[in-house]
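Both of the next two complexes hold subunit A, though its partner changes from subunit B to subunit C.
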Partner chain A sequence: MSDAAMEISGVKRNDRFTRGSRLVDALSKAGLAFAILAVALYGSVVSPAFFTSGNLLNVLTSMSIVGIVVVGMTFVLVVGGLADLSVPATIACGAILSLGLQPMIGPLPAFVLAVGLAGLIGLLNGVLVGYVGINPIIATLGIGTIGLGIVQAAVGGVIVYGSNPASAEFAKGRLFGIPVVVLIFLVIALIGHFVLSRSFWGRWTLATGGNYSAAEASAVPVQAVKAGAFVITALTAGISGGLLGLTLQSARPLIGAGYEFSAITAVVVGGVSIIGGFGSVPRAIAGLIFVQLLTNVMVLDGVRTPIQGFVLGILIVGAVGMDAALRKRGVA
Partner chain B sequence: MNAAADCALDMRGISKIFPGVKALSNVNFAVKFGTVHAVVGENGAGKSTLMKVLNGSYAPTSGTIKVGGAEVRMRRPADAQALGIRMVHQEINLVPDLSVAENVYLGRMPGKWSFLRKGEMVRKAAAVLDELGAGINPRERLGDLSISQQQLVEIAKAYAAQPRIIVLDEPTSSLSEHETAALFRILRKMRDDGIAIIYISHRLKEVLEIADEVTVLRDGSMIETRPIAGITAAQMIRLMVGREVSNVFPKSPAEIGKSVLRVERISDGTRFHNVSFDVRAGEILGLTGLVGAGRTEVARAIFGLSRLVEGTVSVNGRKVSINSPSEAVKAGIAYVPEDRKGDGIVPGMSIRENISLPILRRLSRFGRIRRSADRALAADYVKQFSISPPDGERRINLLSGGNQQKAVIAKWLAARPSALILDEPTRGVDVGAKAEIHNIIGQLVAGGMAVVMISSELPEILGVCDRVVVMRDGQASEPLMRGELSEERIMALATGEEAA
Partner chain C sequence: MRFLSLASQYRVVIILGLTLIISALVVPGYFSASTLGLGLDRAATIGLIAIGLTVLLIAGQIDLSGGAVFAVAGIVSVMLQREIGILPAAIVGVLVGTVAGAINGALVVGLKVNSLVLTLATMLIFRSLAHWITNSQPVTGTDIMLSLALAKIYLEIFTIRSALFIVFIVLLHFWLTRTIPGRNVFAVGSNPAAAKESGIASDRIVFLGFVFAGTLAGLAGVLQSLVTNTGSPVFGSELTVAVIAAVVVGGTRLEGGRGSALGTLGGVLTIGSLTIAMEFQSVPAYVQQVVSGLILILLVVLDRAVTTKGRAPGTRPALISDNPVTQGEST
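What follows is the complex of A and B.
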């Protein structure tokens, strides 16, 4: 299609083309909104428990923990970094350290240090992917495994418990009736959205994912931008892990298992391109809301776990297929 | 037309309507066996659409197609291939990690029960390459070949399928003059074998040299088909643009000032050695030579995209050390790369986002891009360079090649460099856009910028440049002054066949 657009000069033709792509673009955005609405409707029909404030708050809270990671993961996908598989390790690092260090240095410094060390894991990922040029899947898998190993060795493989009830109260508490975790998620999502869509770093991220060599030739510090996406993800995962630890008041090394796939699923279902160059934080969050609501409805509806996995798998394949199709039409 | 048997292809009354636009209107196009038939026209004239109809990629809205005298209906490229129609695209569509032989027989590998007969394939490929006089080892990995050799493999692949009609789309855009001559020998041989060759090119000199007939398209209509003997380049241009273009290479005189960019004895250790030249304010220095002579490598190294192992670069008399493009930009050097699609544009982004990319930080406050500044910058250049359509929010990949190139140049001007290196700035753009780009370059030097222009097109080099440095095998010649420039002199330096 894009070839054809170039072939015929004249504004008229191009207008039609852009209008067409805007239509598809709007559809792809509205499509997700419709899907969310449909799931919510279905949920309220099949289960009386769905539309209760208790259930929705639960969904919102658990969504927020993954959601914080989704914000970071969006950067990794947009920059063309495929995926960060070290998320379980960075979450564990955040959770275990923010609880384990409490007796030594107090809750807030423990949290900050935990997030900082998670960021260090991200920096290692970033250096390997951005500067050394190792495939992100391999690099993050390797660094994640090593990181998890170190964390496990440090706590001796046992569960770490919280020792500061006040911090637990805070993490589980509410502000203006909204859970604190949800508020933190919203703040991080807003910051992430601002950075990706309004700041020069975000524009660099999109350019690097869109065409690495052209971005490089345009004086964009592509290596740093690529590395940065992994640092951002590790920081968000560290925060997410810290909050998870504080909420649960216990942390074991495998606490973050599965979060990487939940985050990737949300981002991809939200229509962020798996090959980079296209996507936004709101899109990824829309994907997250959809997946979380769907899962919740399936649980309430008594759908068995294997079937749930089956449905989510189909969703991912469908979303990636859609991305490929849109790309072919020159839209995405 | 002649007897139906001579007629390889007869397309009659072809129209192609996309929703809302007529891309082709009532085009008649006929090609005889054993001839080279050139198709010329500006970008957007309908050449590619016509070829996509011929190739089975598009179904025509109306009209008939006869191949070898029989009416055919093609629904997909495979149908066209079954009829003996082969396309050689401008971009190379081969698999770099496979051998030359595997690429030549890709999709049609000889063998039974899915076991390849590799020996046979290599022998056959060697025979085809020999026949074409390509001088390429079929066992070599394709990715290890130069771009021009890869182009030959692409042609060998089409030839090996024993086609009746071959379509070549801008086959010489990545070839030097020398390699073009080799390609023409091959084309003449294929023509003498009775193959009908459709040759699409912007390079009219080549069309005059190789074609037997030429068809001019303009705005989706067939303007004229003529034997090549009865037409000149100027006439072709007039038919293409519908007006007389008086001077293809306008050279605006500019005041030449002091040296701006000076490189002294630079080497990268492999691709070029001991290269020295300088460019002065208001001057256009041509850098030419055969493809692979090291011109692009020199430019990329100066711009910090690759490393120098020896030599110095100075800007405005100050030595600079450049290890990355952003350092080059700071030093006042900008580079418009050769491969527009690969290195020039970020396809998913708008014209505006592409133009502001190198200077985003300057447009930002506290990390946030100032929208008004971003918009104003793009609007300025869109207007100044008459980028069409005049809408900075348009996705850049939807523009024609010439307009994309103007946007890429604008991107660099925004960075206010004192020296600009342009690598094949007019490759693959149509005549009108080419003149516009030359005009822009003229304005830049008039404003005191120093410009290095890399080009394989000798008429362009001769028409535009004040001085010319010729590269051969990674070495640079002494600069030739405008007065001592001639195609013969440059070719002699480029090929090392120093004429007496």
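What follows is the complex of A and C.
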């Protein structure tokens, strides 16, 4: 999985950097695997409920909802787009519309339309960031605020309930003993991984994030690639929101609050560089597994929600700081 | 393009004027002293945070954690009232803001991380802290009469809050345009490498900028909590976009190196009068969010259009005429 990433960085960067980067690569990967093991070990010691199939299945299901967004967010970070803060808006868009439109056009068209409209929000983000050149965080913050406001206005600021039990059964159901949500996550993760590591689009994404001017000079359509990352994130967030709405059978406007931070934490903890040009979907998912297990252990341990947010914040600072430090060593 | 850059230069005046005219048309009695005083008082909260953000943006940094610091400082100042009395508690509350700013500054300077990403993380940390220490419940203070005293209107129009805001913005104007440290902030923001070569301690200025911004967010939070006699972990969560919008309306650039205190005053008054006008029309909160988001995005796009096309490549942006600091800096 990392062969492709190494190959790309080998082509792009000089020999000295590649050596440094390989060391950093091995370190960060082994470190994360070790951390996941440590958390799992700690969890099974502290709480007898940790290693039960019920608990792990719960973790897997909640991880899948965030995980779908993580796949998109990886593209945003790799392309050098910092972060997409409009995720709560796109998730709300996906959840509210896929439930709210059910009576009118049926569950599947409602879902597709919801994801499409979420993608439209992403297109706005993408145009502002990629073509107009606005700071991604400011652009997505503004567009997210507008989008969330419009979605709230559309439903009058109230909670929307589902009206199609069959679709709920499907979203909550299992296929070959695995929850459908988890399967959808796996499919999206595989597609995301394939696109980022094996396709021309992924190569362009890595090149744009690594060195914007060089990529531009090499005839990479940098503006479109940058915009595309935000569209991908919005689509994945829309899907995630739609699934969330179908499973809960209710959607309030603030349903997606906090998901942007969970996704960003997973991606940066996975070792994807916040500066761009480096990272892969499996790395981000490893980060996601670590963060989710840690959260789960904290929940089983009776740690209150605010403290969990606190820990997430510190994880972001630590991961970003470490990334900056390691990168400096690799380049210098 | 000449028209666009002119419009961009005087946009504070244009936008503020338009806002006032529209507000006056839809709200009867808008220009009465009590309505204006109310608007000014409302604007002061955004304004105090915006003052700190103006300095940071000029220095090329940003602080997204202002709203969360606002909440924590207010909570601390209310919770400590029983133990140490109202005034010491208020001072501790403001100092909490200072410490939060120092943490932001130390991390940005020390880790050399993009301040957008870092303050995003510290925003999450401070917000969680606010929920943590309050158990996610609002806390109330000891003296209800104090909030009445603070909300009292002097000279028909000023509350203590809005008077403080006006005084600070005037001080900031003179500090930015007439003093050497103020000039250095512009130098750091427009070209950090050149500023360093010229012997300006960039890191120290950036650090102090964060401390300043944190302190003012703390002050705003403490005042809000004293006026409402409440500290709540959800206070200030909708402020981030409004504050950035206010500063950007005032002509301060997200790219750093440009901005002015008087511009921020205009921006804050614009957002304040818009809020009041919409509240008088009982426009729902989420529509107000859409409006401030739209203003922010439109102006940032306008800024981009003017900077990238209005000047030859490689030259500094067109200088603001009333700002001697940026003009003298090119030597």
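Just so we're on the same page, the second predicted complex is superposed on the first by the 303 of 332 C-alpha atoms of A that agree within 3 Å, B and C clash if a C-alpha of one lies under 4 Å from a C-alpha of the other, contacts with A are read in each partner's own complex, and residues count from 1 in each chain.
FYI, contacts are C-beta pairs under 8 Å (C-beta built on N, C-alpha and C of every residue); 3 or more make two chains touch, one makes a residue touch a chain.
Quick caveat: nothing in here was measured; it's all calculated off a predicted structure.
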item: Partner chain in contact with A:W201 - subunit B first, subunit C second, else both or neither; value: first
item: Contacts of A:Q152 with subunit B and subunit C, given as first, second, both or neither; value: second
item: Subunit B versus subunit C as contact partner of A:G210, first or second or both or neither; value: first
item: Touching partner for A:I134 - first (subunit B), second (subunit C), both, neither; value: second
item: Subunit B-touching residues of subunit A, taken from the complex the two chains share; value: 2-18, 21, 194-195, 198-201, 203-204, 206-207, 210-211, 213-221, 277-278, 330, 332
item: For the subunit C and subunit A complex, residues of the former touching the latter; value: 64, 107, 111-114, 116-118, 120-125, 127-132, 136, 240-241, 244, 254, 284, 286-287, 289-290, 292-294, 296-297, 300-301, 304, 308
item: In the complex, subunit A residues that touch subunit C; value: 82-83, 85, 128, 132-135, 137-139, 141-146, 148-150, 152-153, 157, 253, 261, 264, 274-275, 304-310, 312-314, 316-317, 320-321, 324-325, 328
item: Residues on subunit B engaged by subunit A in the complex (per definition of touch); value: 18-21, 23, 42-44, 46-49, 52, 220, 303, 305, 324-326, 328-329, 335, 337, 339, 342-349, 353, 356-358, 360-361, 363-364, 367-369, 388-389, 394-395, 397-401, 411, 415
